[in-house]
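What follows is a short report on a single structure.
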């Protein structure tokens, strides 16, 4: 039998080297980790510095590209409460539109998967809706839904739902045949096949769609504010632009980007929280 | 040994029934197939009839929702050559923008996958770009690229690239660990791991992204025409709208939808042609 | 466990009279699963190659039939046709005189690949068919799941995810999943192939115990001849692709069987016969 | 094929002197693959359970070592550590005195699952490692691929897609893929588990022929004790999880071996010894 | 001389082609530019700010935009763009109401719903015009919606009044006719708002580098304006010839309806195209107030390059 422990000396030597290795590589690891943590910020700050220098040294006029300093300046010229009003208006519409489009897209995708007939008839309609510029149907929407949140949410939905439908249907169709056979061999009701096999299998696809949709939801809210609004960041940006307050418009853009990043990250967090298995494993 | 052929009588009887079954079910099959083929058209035609009746019976004014007949009418009021001019202008920009964004997105996604650092620094920038309303940066784009096709293609790219990046990275990250280990055990150059394993594996994801992107490319071209253009369907629609020629605007929309559908279908055809294995198997 | 029960398995008697399948066919109306000149061709073109052909086989209620044959001869295809997952392109499979035209819900399948759901823990994977079929799982089911997991040595892995298991463990999870359903027909496609000799033997005997206590019709594909002899009432020996019936062998060893039976002359005779078939020139090109 | 060559396989001599691995360790500088107190724990928490532990094993150049052990004892883990796909959390694996710290490119692996690329035909799958490693495949390679596919009975399936193959065929494709690479070290994880007895035996002997003509170091995981004895120079018997070395057995049967060797007394002795280990109480809880 | 290559000039519109933009097209079609050896290209725009930016960044040489927008731009940023001539000497902003609504003047709007598009410059002047008519912002309910939706909203009764430019009078009338209704226009210029509006602006670079070309262009443009308003129907045809999408009849109707913005008491007394210091100052006062800018932030006379202005009467 060879189940003999290694000789003591041999046991110590590698352990020591093992330890020292751990410490050395630990420090390295730590640096690497910190690097990863701060890299985005460092990158962001250098980008800002670059931007500022281009504007200053290149004498770039403000109406083409305002410098970060002028944007910050413009930022503080608007009162905090006004910012909050605009922010909330946009965030509200974007989130509502996003949620409504999830509520529409998932059942729609299921229907499209389950019926070849629906697939062939409804899908083209979806493509048409997706490619219709909102401005062209703005009068229709406003006459039907008024100039309130309802129209804006509808417009956001129209812009947001498509990536979700495409990725959900793709994901559900990609479900391995074996898992479908498992379900068939149980003669389970179709809705359970859908909910317990196809949908979980499609989760990575769905979240890929959600990531695209959430950023489109912001765009949708902004476009909706172009169509009808008294407040909101999109309104604010367009308004500032039309009065040539370009730094102020860019200050609005900064807010918009911040919400986008936050919501985009949130989608990831939700996936990591609810469906940790659906994320690729880190080595 | 039981490898005995079935008795002759038994052989005939089932064969006959088999045949008759095939014919009966063949007719049924044929009807079903024809149904599938014509369903979209039937649906489309009934939709048109419904629309026309709503407009006529509900006395919906043209400036809110023009009836199909008035749209057709408007359609023939514009000369064929003008339509072709606008169509080509939009199609050209949409396709160029789409192709350029594929050329950008795929290498970008690969870079994002291969470097955690890039991922952490560039990805937020991409989200910011994606969520920036084009109007806000229109002056910058015009200064950099002029008012010609170049800036329209750029705008189209800005709107199109994101879904592609998201779905390509998602797909590449979903590659099963086993296949990656296969590549690692060969110590193949990283670029081959990417091109021969990760990318093929991501094909269904990539095409899901392409399907979204191609419709966004149309939208992008239209938005770009809102920023600066003297022709194109987006310009035409906006122009018609500003003259309150709503049926004419809708005629433009019909064209826009037609290109969208065509391009959307083309993406599918290309997938079926180049990567037939990536499509889910039909039963 | 009540060892004496095993002899009363209804299948045994039936099988005893069934020496020549071909001539007896018309006189066995109580056949449970019946295959009549079954064949299948995956290729949709008219003259595509057959994967299996001319399979005539009657399996009686609560009989344990093993299938052996060269790789690629169509064993899995046969099993999928019995399950109704595949409709034969020739002939007909029927269960209780009703042709199988769609997936059956009275079968439990152990697939050749484990086919676990990657997003469920081992325990949830095992309970999945019940949840999926009936919408809920009872406490009783959960208890039985725990028992079966313990039996297969997986108790401490109940809360792991499938990708944290070794290949053999995944296979065992697949077996437990099918057993928990307690189906009328149990279809097992090389269920023990990734298991070591001891585990294999143990689970084999466990399976026999379960089969005795809850009689069911079993179709069991294996590459181990001794395993086939040890477990089955009858053994279907298939020829190389396109697979046909080469022989149908009655085992006729008394039950309950133990590891000691493997030294009996009858056992050696049978394994030799089957080995002979497999190594015979006509079984392979 | 030149049968007499088989005796000159360098490993045989080395193995003969290697009765007690532990005491000989320091005196075997020509060990090719060396595992020193290797252990691995998948759980990142400090006191997570070990999957394998205290593995000390030297494999000589061109030696054929088989590994047997209960399911889940860490055989695949061990193999992945030799391949450099997994860095042991304890101890060290080294090849030619160089520690393995990253995936090695001189290994060919037959994974426990076939792991074929679903978008490539069988032939392209088989050629994939060469294409992937070197960027191109020569005509020579293609010819060898055809030969190996014919040898494994897959010639007529060269242009099929993997999902059109049976389980055993897919496994054979995986074997051909690894053999075609002609690597220095061949790591095979239950390569024959989905094959029938005859195919299994044939491919086993084919493997021995290839190994004789193109000597390589082989680590071969199997659940078949007789297969291990028939093929290997030495057999590593592992205990149940956490896997440790239970025994390391010299086979010492003359080469070339044939099916007849299976009736020799030495063969029966060896299988009995291993069977004894496996069925011994300490090997399983 | 004819042998000399024509000078290229890009003319920037502040919106899409229409009757109000006819002169530049007339100049091309009727040969006024060719006579001055000019080769003029027209670029469409999407609002005054867009036009100013495009001229400032050198995408176009000369063009038209609201002078208020230029003042606001100059006040905040020293854009290298100057006004060179007046085009509309009156504000084009107006309320549009249905004729049967009982609203006859701006005062009648008290308590009514008024719809406007979100980003029109009219919104800035609205408080001023209301104030001049004894109202405040709180006396009306303001709704903001896409410009395309305003007409439908008025016709369907979603709103009692809309804010639009008189340049669109013909369009709204046509739309109302479709709905079997008629429209009354309440121009803000008659409600006490007195300022310059659409003007000819040019990039400083163009003016300093090619002054001769600029002079010739303005001369030809003036002739085109005169011709346009003298022959609206022909002007409509000319426009249609270059931009086939434009309906010549509608364009002609538009030209008729904005005649007063171009030819009025002010153009008569000051001379066509002339921007006077006094009216510039009043305009700036309005603009500064409307945009919440300090009145000292701009010397309104500084935005004009008088060297190119037509001679006053």
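Observations
The first chain written gets the first letter, and so on, giving A, B, C, D and E; residue counts start at 1 in each chain.
The criterion applied here is as follows: contacts are C-beta pairs under 8 Å (C-beta built on N, C-alpha and C of every residue); 3 or more make two chains touch, one makes a residue touch a chain.
As the structure is a prediction and not an experimental result, all values here were calculated from the model.
By the document's definition of touch, common neighbours of chain B and chain C comprise A, D. Common neighbours of chain A and chain D under the contact definition above: B, C. Of the two chain pairs shown, A-C and B-E, the one joined by more C-beta contacts is B-E. Taking each chain's centre as the average of its CA atoms, chain A and chain B sit 20 Å apart.
Note: centroid distance chain A to chain E, computed from Cα atoms, is 42 Å. Taking each chain's centre as the mean of its C-alpha atoms, chain B lies 48 Å from chain D.
Shared contact sites, meaning residues of chain E that touch two or more other chains, fall at 53, 57, 148, 151-152, 156.
Touching of two or more other chains is recorded for residues 63-64, 135, 139, 143, 226, 238, 241, 246 of chain A.
Chain D has residues 113 in contact with two or more other chains. Listed in rising order, the residues of chain B touching chain E in the complex are 61-64, 78-79, 82, 138-139, 142-143, 146-147, 226-230, 235-236, 238-245. Interface of chain A with chain C (complex): residues 178-179, 181-188, 192-193, 196-197, 200, 203, 275, 277-278. The residues of chain B lying in touch with chain A in their complex are 35-36, 39-40, 43-44, 47, 63-65, 116-117, 120-121, 124-125, 127-128, 130-133, 135-136, 139-140, 143, 162-163, 166-167, 170-171, 173-174, 177, 204-205, 207-209, 211-212, 215, 218-219, 222-223, 226, 234, 237-238, 241, 246, 249-250, 252-253, 256-257, 259-261, 264, 280-281.
Remark: chain D residues 42, 68-72, 74-76, 112-113, 153, 164-169, 172, 189-190, 193-200, 223-225, 275, 278-279, 283-284 touch chain C in the complex.
Taken in their complex, chain D has these residues touching chain B: 80, 83-85, 103-105, 107-109, 111, 113, 115, 117-119, 128-129, 131-133, 135, 161, 181.
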